[in-house]
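What follows is a group of structures, each given as structure tokens.
Here chain A shows up in two complexes: once beside chain B, once beside chain C.
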Partner chain A sequence: MRPRWWKWALGIGAVGLFWWVCPPVHVVPLETGRQRRAGDRFDAEAFVEEFWERRLLPAEAQAIRAEVLLGLLQTRPEEALERYGRRLGLSRSTCFLVSGQGTVVTVDEAAVSLALEPGGPVAVVIGLGPVFGNTLRDGSGLLDVNEFPNSQDFNAISAALNRRVEERVLPLLKAGAVPGRTVAFAGCAEIHDPRRELFPLRVVPFQIRFP
Partner chain B sequence: MMRADRSWLARVQSLVALTLMVVLMSLLSDRFLTAENGLNILRQISVNLCLSLGMTLIILSGGIDLSVGAVLALAGAVAARLLKEGLPLPMFDVLLQFTVSGAILAGLTVGLMLGWFNGLVITRFRLPPFVATLGTLSIARGLTMLWTGGYPITGLGPAFGFLGTGLWLGIPMPVWICAVLVAVFAVVTRRTAFGRYLYAVGGNERAAVLTGLEVDRIKRRVYTLGGGLAGVAGLMVTARLDSAQPNAGLGYELDSIAAVVIGGTSLSGGRGSVMGTVLGCLIIGVLNNGLFLLNVSPFWQQVIKGLVILAAVALDRLNPRTAEAGR
Partner chain C sequence: MKPTIRWSWVGLAVSVGMLGWTGCKPGSGPTESAAGDNRRVAVVISTLNNPWFVVLAETARDRLRALGYEATVFDSQNDPAKEAAHFDNIIASRYVAVLFNPTDADGSIANVRRAKAAGIPVFCMDREINATDAAVCQILSDNYSGAVAVGRYFVQVVGSTGKYVELLGLVGDNNTWNRSKGFHSVVDRYPGLRMVAQQSADFDRARALEVMEAVLQANPDIDAVFCGNDAMAMGAYQALVAAGKAERVKVFGFDGAEDVVRLIGEGKIAATAMQFPKVMARTAAEFADAYLKGKRDFPQKVPVAVELVTRDNVHEYQGYGRKE
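After this line comes the complex of A and B, so read on.
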């Protein structure tokens, strides 16, 4: 009968060799490990900080005027969707990068409504409450999901953009919007079906000015 | 003569069915019989094949394991989180940062431990395997939710992802892994004492006890191996998706049982083979792939898969040995 210790020695030797060739774990001080992990993690807030200043605000120059978009959506919706719309993946809704100037018609806790022509109907509504969804991220057309390693990071950008709108843009509008005052805006709008829900255009703004 | 004919038919029925299906699908779709689609089918069946190998051993020994899908999920989640976040040990003020090999080892260990637990519960407390593994299914699902917090763990890196998406000599890594496992377990079941004990225990447990076999020990080993293979499957799924999903592997246990049964392994134990299971997985894979290429609704695909399983079991009844066992 062969001695069993041979098997044990062989097993321990194999494990030792494996441990030496491909070490399964590295032991590091807890604080160092935490810092390294924090460094590896995607910082959506920092990304949005830079994206906002360097890419989003300058993109206002490429935005289609709201009155032009609304006119085109009424007359030639297919062309409007094709030329100015942006869709992500299999989504059925379309986002647009829009800008414009209008007169405040009403202001309440929930929203500010604007007429694009003096004395005209309400054509644009800017919500004042919490911002949900991916309208700003997808409507800008500046971000490609394939540039991010996973969808969680991509979604975190949306959340950070929305938070920034809530904290920095909407308070400005809330403070300055009074009926009759002129407001210039740039932002993104999302439309599911231009035949059913065109008016008013609901815009998530990234830029508000009172000329 | 009639009995011999039926026995021969039972042995080759899976191969005949697979050949017929390949011929039929090739005639119906010009995209079916291509090298790319062949590799695609092999890649798609690799996870089920890995689970089914373990299930074959367990069913051969007269048992069943309903927990493999849940074990797959937990093994994948443990590997993913350890790889991504490591294991903090505050009492020693250190963090164990797991490398890819460490995460793989951890996932495998989880699978082996849960499999061993199944075997222990079945042999020590004499619980029916159906009930014992159903309990483990629930435990593993709960532990996966606790471990992940219900969220996917993503971004595991290319080195780990190679296990699921990498190619070697133009063939996907999961296919290589499965090929090695099939070769190992084909030899184990046919050419080793453990393999013969497996058939003996599944064929007639009482006779196996009377001949002096350590039946409980053999069963514990079988369930441990089944858990380990579920761990391998979990690592492959996680690597392929580059994410550990808390709900991964839902319903996979039924797919693996189906593959084993279609491959001619008797649910009453003691009869069947690893190669039969490979054919069973290929039949399911070809069926899924062919029906997809033919634009058949996924709902109809489920119906057709169910009918194939019923046909396989009905054909199995033609085997004289099965008929005798049923009497």
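After this line comes the complex of A and C, so read on.
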């Protein structure tokens, strides 16, 4: 009998080559696998790039003035919530699109506080980051959850908007805010319960100017 | 014997004929059934092995009964094949509507489409399907926002440095990733917080206990655990108690389950995100009722807010919701 080991070797080699070319299984991290299935189809950064320039910045014209909103929230909160608030689904918290101009009262590592009238109390606080949550996405009133088949895409928009605020808006404020200086802002604010936490209004800005 | 056999054949032929006549009768499809005396509504739940989903199922069933429907609960046991079999049964039995808690955001779409094609409206509860043209409406927890709130509290309690573990839910479910991504959108901003393990425990308490025991072998010095639901938080807590580390390691859950709310009050679990299964189930049942009475303009998605529960505000809450 002649040895047939070479036939076995050839067979195993052929099978090995086939599996190398067409692997029967791929092992990938959970998150990577998930992203391949769903997340990668939607480019949140590209979406926000266009949304920011074409829809969000022009929306400043529709924003309610911060002093008007705060006044109405104190006197007729239900009307303020109804007329100017935006709620996502069945939620207790309400978001607002606001703009205004104030004088810098304090500046520290975490935030800049503003008075809306000369010598007045601190009425608005703008955090200097990091920015979390959906305040800007939901407060703008420009995006509808029903237009997004996968809620992960809708949430990715929030993350991209927040990053953009941190990278492009807050550095302007950090660089220019000094006590006594006038700042104009446009952004969104979220209020969970106007009876408990009205002052100061915490604004996530998408526009900062020093007039 | 021969006449007996002959009569049997005649009887069989008549039965088949009757069956065919009944099945082919014009207007006997599900849509007409909905308008008639048939008031059977199916409640299909991903698993009844978790008290949170039992509350979801029982609330939906009770609300449907209060509205005058005959409600049947189906348990998919987290198995897409069982879920598909339930839909076969539901379609064949001509239920008039389905309140649905899916097992898989992508895999469950086909079941909803089959029901829709058969004229049976489907209302998703708590878990999403990745399609906006299949279900009539999807009533969903705002998991991402809830997880952002947990993440912020996590940093406040644990600090900006430390080691932690994340237990994920079912990897095919969007809730798993919305919670994970919401949490990481905050925690990843602090480079000193290091995730030493991230493993799936399938939203299951027993599985979480096993996974946590294994993780603790390799990482005995962790500071915190973030769990994608409260069943896993209970499993992780149990493993920490067994290892004598429950005092030191902080546990964070998600759901608002009764036992976790109690343990937050006792200072043994740090926090959870309260979902509102009763609100979602009641809303789904009422939407189904409105649909069957002719209403058609439903929003495709109705997010339901999720609220952070900590030791500071736990007195305002009970299991699965706010104190009434």
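As a working rule, the second predicted complex is superposed on the first by the 171 of 211 C-alpha atoms of A that agree within 3 Å, B and C clash if a C-alpha of one lies under 4 Å from a C-alpha of the other, contacts with A are read in each partner's own complex, and residues count from 1 in each chain.
Going forward, a contact is a pair of C-beta atoms (placed from the backbone, for glycine too) under 8 Å apart; a residue touches a chain by one contact, two chains touch by 3 or more.
Computed from a prediction, not measured in an experiment: that's the story for all the values here.
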Scan A:N146 for contacts with chain B and chain C and give back first, second, both or neither.
second
State whether A:P130 touches chain B only (first), chain C only (second), both chains, or neither.
second
Between chain B and chain C, which one contacts more residues of chain A in the superposed model?
C
Taking the superposition as given, does A:C22 touch the first partner, chain B, the second, chain C, both, or neither?
first
Under the stated touch criterion, which partner chain does A:R92 make contact with: chain B (first), chain C (second), both, or neither?
second
Looking at A:N155, would you say it contacts chain B, chain C, both, or neither? Reply first, second, both or neither.
second
Would you tell me the residues on chain A in contact with chain B in one complex that are also in contact with chain C in the other?
30, 33-34, 37, 149-152
Residue ranges of chain C touching chain A (in the complex, touch as defined):
105-106, 128, 130-132, 140, 142-145, 148, 151-152, 168, 171, 174, 177-178, 181-182, 185-186, 189, 198, 200, 276, 279, 283, 299-305, 307
Can you check the complex and tell me which residues of chain B touch chain A?
85-90, 93-99, 101-103, 105-106, 152, 154-155, 242-243
Chain C-touching residues of chain A, taken from the complex the two chains share:
30-31, 33-34, 37-39, 88-93, 130, 132-134, 145-152, 155-156, 158-159, 162
State the interface residues of chain A toward chain B in the complex, per the touch definition above.
18, 22-30, 32-34, 37, 149-153
